[in-house]
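These notes open a run of structures that come right after.
In what follows, chain A forms one complex with chain B and a second complex with chain C.
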Partner chain A sequence: MTWDYVFIQVANGAVIGIIYALIAVGVTLIFSILKIVNFAHGDLYMLGGYCAYYVITLLGVPPLGAMFVSMAVIFALAIILERLLLTPLYDDATERKDEYGLIVTFGLAFFLRNVAVMVFGPFPLKPPSFIPGVQRLGGLVITNDRLFAGGVGIVLIGALLWFMHRTIWGQALDAVSQSRESAAIVGINARRFNSVAFGIGAALAAAAGALIAPIFSLAPDMGVLPNIHAFVIVILGGMGSVGGSILAGLLLGEAENLFTAFFPDPTRALAYTNAFGLLVLMVVLVFRPQGLFGRRHLRME
Partner chain B sequence: MTIGMRGLHVYILLAAAALALVFADRLSSYWMHVAIIAMFYGILASSWSLLAGYVGLFSLGHMAFASIGGYTSGLLVQWYGIPIPLGMLAGIAVCCALGGVIGWVCLRMSGPYLAIFTLGFAEIVRIIFATEDDITSGMAGLHVERLFDTPSRLPYFYAAFALLAVSLLLMGLIVRSRWGLFLRAIREDEQAASASGVAVARFRILIFAIASGFAGLAGGFYGHYIGILTPSLGGLDFMAVLVVMTVLGGMERLPTAVGGAFAVEFLLEILRGYGQWRLPLFGLLLLLTMRFARNGLLAPLWLQFVRLGESPAVTATAAQDVPQKEPGL
Partner chain C sequence: MATASAAPAPSPWLVARDLVAGYLPGIDILRGVSVEAARGQVRCVLGPNGTGKSTLLKALFGFLDLRQGEIRLGGEAASATSPHKLGPPRLEPHEMGRQGVAYLPQRPSLFPHLSVEVNLRLGAWRYRGDRKRVEELVARACEQFPVLAERRRQAAGTLSGGQQRQLEIARSLMQDPVLFLIDEPTAGIEPRVTGMIYDLIKSLAADGKAILLVDQNIKRALEIADYVYVMRTGTVLSQGSRAEFGGDTEALVARWLYASGDTRQE
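And then the complex of A and B:
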C-alpha cells in the first residue's frame, strides 16, 4: 500500500463525509423541530437523485440547475407529506407520539422505496457528470465530480448555517426548537415552521442525492445505508446539533474510508466498512446517548 | 343468548381450528404453502406485538433474530448431524440469550433510539451472514436439511399449526398474567411503573429474551421448511413486511397481530396479479391505518367477536365503558 492510496482515501472520505453531513443536518433539523427521527430521510435523498436525473435527461437542464429544481420539488413534496401524515404529532390528543412518528416514517420509507422500484425500475441509472474529467496532484487522483460534490456540499451547509443564524426565519426555527410555547407567545406560528423544517431537511437530502448520483449510481434502495449513516452521524454529533452533525459527518466519512484502506482482507473490506459504521453507532448509543459533541440530551415528548 | 355465553369466541376459534386441521389435506399444495408461511409470520407478528405493542419496545431487529435462529439450527445440524428439533431448540436458546443481551444493553434507550440501535444490530447481522460466505454460503444461500423426509406439505402444515398454537398459548399466558399488566404499565410510563414497584429493567430484558426466542423458533422452522436460508431474511424488507402485518392487524393484541399476518399474507397471494405494486399498496395501507385507525383494522372486529356470547344488554353497557384507546386484550 502506498501513501498515495491513503491520500486518495482521505480525499474521498472528505467528500463522502460532506455528503453524509448534508443528509444528517436534515435529520437533525427535523428532529429538533418536530421531535421525530425521520426514517424516510434516505428515501427523500433517493427521490432527489432520481428527480435530478429526469430533469437532466428529459428536460435537458444542466446538472447544477437540475439539482436546484430537484431541491424545490422535494421541498414541496416533503411539505405535502408532512401536512398529510405528521399533523397528529402536533395534536395533544395523540398518545405515544414517539411511536406514531416512528411507524409513520418507517412506513413512508417502505412506501417510497417500493414505489421507486415500480416507477424507476430496479436497475441502476447514472446521470451525466457535472464536470467530466479528473484532477491530478502528484499521485493523488480525484474526479471532478467528487470535487464538485464536496464544494457544492460545503456551500449548501454554509447556506444552511447562514440561514439558521443570520435570518429571522432561522431565528424563529431556533426559537421553536427550544420551546414551542414561548415561540407561540412571541407570535411565531409553530405549525408553519414544522413544515419549513421538514421541507428544508428534505431539500438538503435531495441535493445530496443529486450530487452523489454521478459518483455512484441511482437505485431505489440507495437511501437505506445513507439513512442509517445519517443516524450514526446524528447520534455521534448529538441530536439537534447542526455543528455536531457536520463534524461527525466528516469524521465518519474519513473513518470509513481509512477502515476500507487498512482492512487486512480486501475482498471483505467494503462489506465490513458499513458494519463498522453501525458498530460505532451502537457503541455511542450505549455509552454516550447524548452524542460525542452533543448539547443537552433532548427527550421527545 | 340471555344466559350470556361468555367465552363463545374461544369455542368458535377452537371449532375453526379443528375444521382447519381436519380438512387440511383438501388444500392444494400451493395454498398449503401460503398457509404455512402465514403461520410462520403469525408467530413473528405475535411475538413482535409482545415487544412493540405491549411494552413499547419498537425493535427493528426481530427478523434478524429469526435469521439467527434459522442459521444456528441449520449450521448445527449440518456440522454435527444433531436431530433437527434439537437444532431448533439450540436456535431458540441462542436467540433468547442474545435477545437478553440486546435488551440489557438498550435498557436506557427509548422509542426511536431503541429502533435505531436494533436496526444497526440487524444490519450488522445481515452483513456478517452475507460476507462470511465460507461458513454461511453468503448470498447464494445456505442449504438446510428439511424437517420431514417427504415432498408432501401436509406434515409441515401440522407442525406450523402446532408451533403457532403453542406460541400463542404461551404468549397469551404471559399477557393474561400479572406480568401482562406490568408490561403495559412499562409502555405507558416507565417511571411511574418503576415507582409502583414494577421491576422495569428485569421485565424489559425478560420480554426481549422471550420475544427473540419466539422469533428464533419461527426462523428455525422456516429454514427447515424452505430448505434454504439467505441473509435477506433478516433484512429491512422482511422487517417492513412484518411491521405492516402487525400494525394493520393491530399491534396491541396478540390475536389481531396474528390476524394481520394471515390477512396480509393471503392478500399478497390473491393480489399476485398486481405484481410488485402490492408492496407500495400495503405501504400506503399502513400509512392510512396509522393516520386514521391507529389501533389496527382488525381491533374493532376482534372486540365485536369477543363480545359475541354476551347478552345484548351487557354488550351495550360494555360498549359504553370501552374507551377509544382501550389497550387490553
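And then the complex of A and C:
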C-alpha cells in the first residue's frame, strides 16, 4: 500500500461522502417535517438515475441538463406519492403514525424497485460521462466524473443551505419543523410544507442518482444500500439536523474508504465496507446517543 | 401603537355562542360557553384549574374542533373551509391571523432555534411577497421593543421569559390583529417583569385591540380587566363588568370562584 493509494481513497471518500450527504439531507428534511423516516429514499435516488439516463439517451439532452430534468421529474413524482400515500399521517385520528410511515415507505421501496426491474430491466445501464477522462496529480488519479459529481454535489448542498437559511420559505420550513402549532399561529399552512419537504428531499436524491450513474452504473437495486447509509447518517448527524447530516455523510464516506485502504486483506476489504459503516454508527451512539451534531434542545420558557 | 386608538365599539368584535368542544369522544370540556370581546377592552376569563379556560381559547382559534356553537368575528361568521370535519364549519388555525385573530398560548409559541429577527419576519408571513412592507413592520417592532432590537440576531430560545413574551406580542402585531387570545401570559415568568407584561396588554387594549385574557393570576388580571367571565366546569358561571363585581378582588375570589355551584346567575 502506498500513500498515493491512501490519497486516492481520501478523494474517493470525499466524493462518495458528498453523494451520501445529498441523499441523507433529504431523509433529514423529510424526517424533520413529516416525522417519518423515508425508507424509499434510496429508490427515489435509483429512479433519479434512470430518469437522467433516459433523458440523455432518448431525448439527447446533455448529462448536466438531464440531471436537472430528473430532479424536476422526481420532485413532481414525490409530491404525487406524498399526496397519495402519506396524507393519513396528517390526520389526528390516525393512530400509530410511526408504524404507518414505516410500513408505507418500506412498501413503496419494494414497489419502486420491482417496477424498475420490470420497466428498466435487471441489467446495469451506464449513461455517458459528464466529462470523459481523468485528472492526474502526481500519483493521484481521479476520474473527471468523480470530480464533477463532488463539485455539483457541493453546489447543490450549498444551494440547499442558502434556501434553508436565507429565504423566507426555508425559514418557514425550519419553523414548521420546530413547532407546527406555532407555525399555524403565524399563519403558515404547515401541510403545504409536507409536500415541499418531500419534494425537495426526493429531488436531491434524484440529483445524487444522476451524478453517480456514470461512476457506478444503474441497477434497480442500487437504492438498497443508500437507504441504509442514509439512515445511519441521519442518526449520526442527529435526527433532524441538516448540517449534521452533511457532515456525517462526509464522515461516513471517508471512514468507509479509509477502512478499505487500511484493511490488511485488500481482497476482502470491500466486502466489509458497509459493516464498518455500521460499526462507526454503533460506537458513536454508545458515546453520543443524540448523534454527533444533534441540535441542542432549546426549550421555551 | 401604530393603529389609531378607537373608542370602545358598541358591538363586540368577537361573539362566540354556546360553544361545545372536547378532546375525547363523548366528553365535553366546554359545555355551552358564550363569550364576547370588544375593541378597546380587556375581557378576562377566570376560574379554577380544569374548568376549560385554555380549552376555550384553543376552540376559538381553531386548534380544537367545535361540536356545537357559532363564532362570529367582526360581524362575520368564521366560516367553512374544511367541510369534511365534524361539527360546525370553521376556519383552520393558520387562517385565523388573516381574520385578525392572534393567539398567545400558555407556552410561548416562538421558534426557539430561529433568531429574534426571523421570528418577527415569520410573523409577517402573510405579507411575504411584499418585502418593503415586511421591512417596515420589522423596523416598527424594533422601535416598539428596543430590548428585541438589541437581540435581533440571538436565537429566540435564549431570551428570558419576559423577553420571549414581548417577542411573541411583537410578532403577533406584525399582522395587525384586532383580537388577542392570551393564555396565562405570566405563567413561569419572574415576578419582577409581570407588571411590564400586564401594562403591555393594557396598552394593546388602549390602542383599540380586543383582548380575551385567561389567567390564574387573578389579582393582576383583574387590575387590567374591563369585563370578567367566571368559568366553572365548562360553563360561564357568572359575568359582568369589573364595576359590577366591585373592586374588592378578594371578595370576588371568595364569592365566585370558591362558592358552591348553585350560585349561578345571569
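As a convention for this text, the second predicted complex is superposed on the first by the 287 of 301 C-alpha atoms of A that agree within 3 Å, B and C clash if a C-alpha of one lies under 4 Å from a C-alpha of the other, contacts with A are read in each partner's own complex, and residues count from 1 in each chain.
Note that in this section contacts are C-beta pairs under 8 Å (C-beta built on N, C-alpha and C of every residue); 3 or more make two chains touch, one makes a residue touch a chain.
From a predicted model like this one, the values you see are computed outputs, not experimental measurements.
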item	value
Partner chain(s) touched by A:G201 [first = chain B, second = chain C, both, neither]	neither
First (chain B), second (chain C), both or neither touched by A:G244	neither
If touched residues of chain A are counted for chain B and for chain C, the larger one	B
First, second, both or neither for A:E181, with chain B first and chain C second	second
First (chain B), second (chain C), both or neither touched by A:G42	neither
Contacts of A:A190 with chain B and chain C, given as first, second, both or neither	second
Which superposed partner A:Q171 touches (first chain B, second chain C, both, neither)	second
Touching both chain C and chain B, counted on chain A across the two superposed complexes	300
Chain A - residues contacting chain C, complex	168, 171-172, 174-175, 178-179, 181-190, 295, 298-301
Contact set on chain C toward chain A in their complex	61, 63, 92-98, 102-103, 105, 107-114, 118, 121-123, 125-126, 128, 155-158, 161, 164, 171-172, 175, 188
In the complex with chain B, residue positions of chain A that touch it	36-37, 39, 84-85, 88, 95-96, 98-104, 106-112, 114-115, 117-118, 224, 228, 231-232, 235, 268, 271-272, 274-275, 278-279, 281-282, 285-286, 289, 300
Residue ranges of chain B touching chain A (in the complex, touch as defined)	56, 58, 60, 105-106, 108-113, 115-117, 119-121, 123-124, 127-128, 130-131, 187, 236, 240, 243-244, 247, 276-277, 279-280, 283-284, 286-287, 290-291, 294, 325
